[in-house]
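Two complexes are shown next, each including chain A; its partner changes from chain B in the first to chain C in the second.
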Partner chain A sequence: MLLNGIITGLIMGGILSLPVLGVAVIYGITGIPNFAIGVIGVFGGFITWYFLSYSIGLAIVIGVVVCFIVGYIVQRILLTPISEKGGDATLFFIITVSVGFVFEGFIRAIFPRPNISLELPRLGTINLATFTVEGFKIIALVFALGTLVIIRLLEEHTEIGKSWQATSQNLKLSKLVGIKTTQVFSIASGIGCALACVGAIFWGSLYNLQLSSGWDLGFMGFIVAVVGGIGNIWGGMISALIMGMVMSFSGYLLGGEWQSVILYFIVILVLIIAPKGILGSERSL
Partner chain B sequence: MKDHYEKIGTVGILLLPLLFALRGGYLQQVTGYVYLFLIQGYVAWFIFFKSGQPFFGYSVTMAIGAYGTIVLTEIFKWPLLLSMLVSSAFAPVVCVTLFLATIRARGFYVSMVSFLLAIMFPQLINALQNITGGRSGLYFSGMTAFIGYKTLYVLVIIITVIVAAFFTWIMGTKTGKILTLISENDRLTQAVGINTRKYKIIAYSIAGVISGFGGGLYVNYTGFISSIDIEVFTTLYIFFIPLIGGSSVFYGPILGALFVILIPELLVPVERYFRIFFGLIFIIVIVMLPDGLAPSIQRLLRKIRTKDA
Partner chain C sequence: MEKKFEEPILKVSGLTVCYGRMTALKCIDFYANDNEIVGIVGPNGAGKTTLLEAIAGSVHILEGKIYFFDHQIERWPVLKRRQSGLMLIPQEGNIFPMMSVKKNLEVSVILSERAEREELVDYVYELFPILGERRRQIANTLSGGQQKMLAVGIGIASNAQVMLIDEPSIGLAPKLVTRLFATLQKIRDDTKKTIVLSEQNIKILNIADRLFGLEAGEIRFDEKKENLNRDVVKDLYLGSIS
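Take a look at the complex of A and B:
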């Protein structure tokens, strides 16, 4: 049971870490807490489901690209202008929740079913001692960890990564040296939403996607990011894996209905004891 | 003097729906519902916008009042009024505990903790399904069994007026002025020797009691409550009431409640597109009218009057 719990927890944490990474990337670079990314990600998940009968690869690409474009546009035409006028965290909370309402509405209006399951190939099974795990779940976990490493490498070794760092550290100076900060923000937001979409695709394949899944993923992604230290990518990853374990073991020991209660209770306790998260925030809210 | 007229006008407007009591029907039912949310809207107006406390647990305090009333009355067989009062007294305990627990944190982190509580509470209600009924909910005849639906409606209106009058009154007292000062500049208020913690506890206690009592009243009026009624969106809707209506004027939450509760009613014919319109309307109002509806309407009227003169 212990091994089963650990592996399920790691996989849950791995999937959860994708929207968490999305939140961390967006918040770390733009300083804006975006609560809509879960809903936008699930919107992409529904698009992927719609095109799944044509080609799996193409369907995933379409979903992810649409989410990137949506994230880019929302940041460009709505969030950056408000940020430039001096909007605070509470205002962004309200605006992004409203954006979430709009995309939840799009899912309901466009797609014929409010509850879907994405049929992706299971890629065989792997035997680990007494426990068998689907290859697909391992891919999900590896993908999450790989994305984290890629984002870190991008940040450290590429021009765009350096402009991300500069923008998050000193916005005025970045503008002064010619960095197109508006574009940097929009790309960051696009990447965040695209990551949330991949998370939603994995989630929709392992469990299912409903109208409310976007809020669950978004809110959970955000709180897990806060526990890790919002804007801190490593902290977010560690926090997601711990939270995945918590969900897995509380589900086994107390039953599924107590899973979320225990998770939120622990998150509240962490925030009370360490308001800046496990590894501390690189920005302050 | 102008402020005085504004307060009297607010009370007058709030009493107008008493006329619906004569007609009954759907309009009366919806108005009662709007007023029950208006009580919570005034709580948000007081604690968040006037006292500057980043609290998002309105659905939690409301639910404590509602579930407490049912459980104490139905399971423990306590008298109804006593159950409502005890439940209302428990709600501020949660608020104040949350405040004291997050005293080291600042700003949005405090918001997050209360917001998480608002997300967690319906899940807790689902987990305790044997007592609370979870998603299936609990039915409750409560006050309607004693005084009838029409009298209860009148009572809801009168209690809402008392709540609005109380909050507008308290903002004019020394406590209210200190809370305004705290919301403007917490550190400065401390620097001049005011015990801000004491006043914040007072603010949370008042907000908790009234929100809890409003919850008790809610379940008496609707006759039913389930975890769906207290989902995190309930907290958001309550918070949107003073925000959309305008927090700078006393009657702002009235416009906000009409907007937030009635817009979904008006959008019923286009139910499939409801969330799109709802979200877009919120974005447009927040972006175009950052002070809320009431101050914007006030400005528009002033402009028209100046033009006429």
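Take a look at the complex of A and C:
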């Protein structure tokens, strides 16, 4: 049962970590808390579902690309201009939640069903001692960890990666040395929303996607990111895996109805002890 | 940027900047020629930082014109001014704290041609050998003096034709100030660039080709250094005498 709990926890954490990474990338770089990210991701999940009958690969690509573009545009025409004028956290909360409701409305208006399940191939099973895991779930976890590694590699070795690292550390100086910070913000937001979309696709194939899923994923992503140290992608990843474990074990030991009680109790406890999160944040909300 | 201008390469006229109801700069005229070091001296609150930031584009100006080469730039955003060859090194927040020295310099050469980038970074290491030795160190673990060198290094790496430096001597030991100023002179002579720096340190007299005296948001004098009476400058405009 222990192994069972760990594996389920890792997979849950892995899926959860995608919107968390999305939040971490967006907030870490732009300093703007975007609460619409989950809904935009789920919007992408619905698009993927719509095209699923044509080709699975194509459907996923369309969903992810649409989310990237949405994230890019929302940042470019809405959030960056407001932040240049000195918008505060409350304003961004209201604006991004409104954007979320707009996309929830789009989902309701465009798609025939408000509750879907994405049927992705399970890719066989892998036996681990007494426990059997679907290959598909392993892919979800590997994808999450791979994304983290790729983000780190980009930061070390590419111009865009160095630019977004610089932007997150010192926005004013980044502008002064000539980094196109507006573009960096837009790309970060696009990547964040694309990651949320991948998270939503995995989520939708393990459970299901409905109108409220976007808020679940988005807020959960935020909370987990804050616990890890918001903007800190390693912290976000570790926090996601721990939270996945907490959910898995509390589910096993006490039953599903106690899951959220335990989870959020731990969240509150961690934040009382370490207000800046497990690994600390360079920004403050 | 090779062609020589008879006119000043940077010219500010009638510049007025307000913060709310407070006037920080009143109708300032200022200029800098090619290949010279220009000092802006004055007490705290005189408006030195505001003048540099207005030129670089990080504060909103109420009135006035700014010319750079043959462009009128006062409505340009920071990035466009930077691309045209202006660079401000602020007094605070002038490094990327959590990145290595090397990466700090690598992001600063971003506007230069790929072929030139390595050369620029190497030139910074030549000017400040300690930065070369510590290239892998995270910037905020450097000493105060080294961080200041890195800040100037970022400006050099940016390869701007006009470098605006806001009080580089502040917080530095006297010996380091002398060395930093000597380095600035070397940069002017090596690269034929223009350096505009605001200062409260009397040693500015040793390196500046011209000085502007600023007090309460207004220009009090504009002189070549040989025309200036050292004591007048010292008494009126320079706080720390080291």
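Basically, the second predicted complex is superposed on the first by the 285 of 285 C-alpha atoms of A that agree within 3 Å, B and C clash if a C-alpha of one lies under 4 Å from a C-alpha of the other, contacts with A are read in each partner's own complex, and residues count from 1 in each chain.
Everything that follows uses one rule, which is that a contact is a pair of C-beta atoms (placed from the backbone, for glycine too) under 8 Å apart; a residue touches a chain by one contact, two chains touch by 3 or more.
The structure displayed is predicted, hence computed values, not measured ones.
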item	value
Chain B versus chain C as contact partner of A:Ile150, first or second or both or neither	neither
Partner chain in contact with A:Ile82 - chain B first, chain C second, else both or neither	first
Which superposed partner A:Leu58 touches (first chain B, second chain C, both, neither)	neither
Touching partner for A:Val267 - first (chain B), second (chain C), both, neither	first
Which superposed partner A:Gly100 touches (first chain B, second chain C, both, neither)	first
Partner chain(s) touched by A:Val142 [first = chain B, second = chain C, both, neither]	neither
Touched chain A residues, chain B compared with chain C	B
Touched partner set for A:Gly178, first chain B, second chain C, both or neither	second
Partner chain A, residues of chain B touching it in the complex	54, 101-102, 104-109, 111-113, 116-117, 119-120, 123-124, 126-127, 129, 232, 236, 239-240, 243, 272-280, 282-283, 286-287
Complex contact set, residues of chain C against chain A	56, 58, 78-79, 82-83, 87-90, 93-99, 103, 106-108, 110-111, 154, 158
Parts of chain A lying in touch with chain B, wherever the complex brings them together	33, 78, 82, 89-91, 93-95, 97-106, 108-109, 215, 219, 223, 226, 257-258, 260-261, 264-265, 267-268, 271-272, 275, 285
Parts of chain A lying in touch with chain C, wherever the complex brings them together	159, 162-163, 165-166, 169-170, 172-181, 282
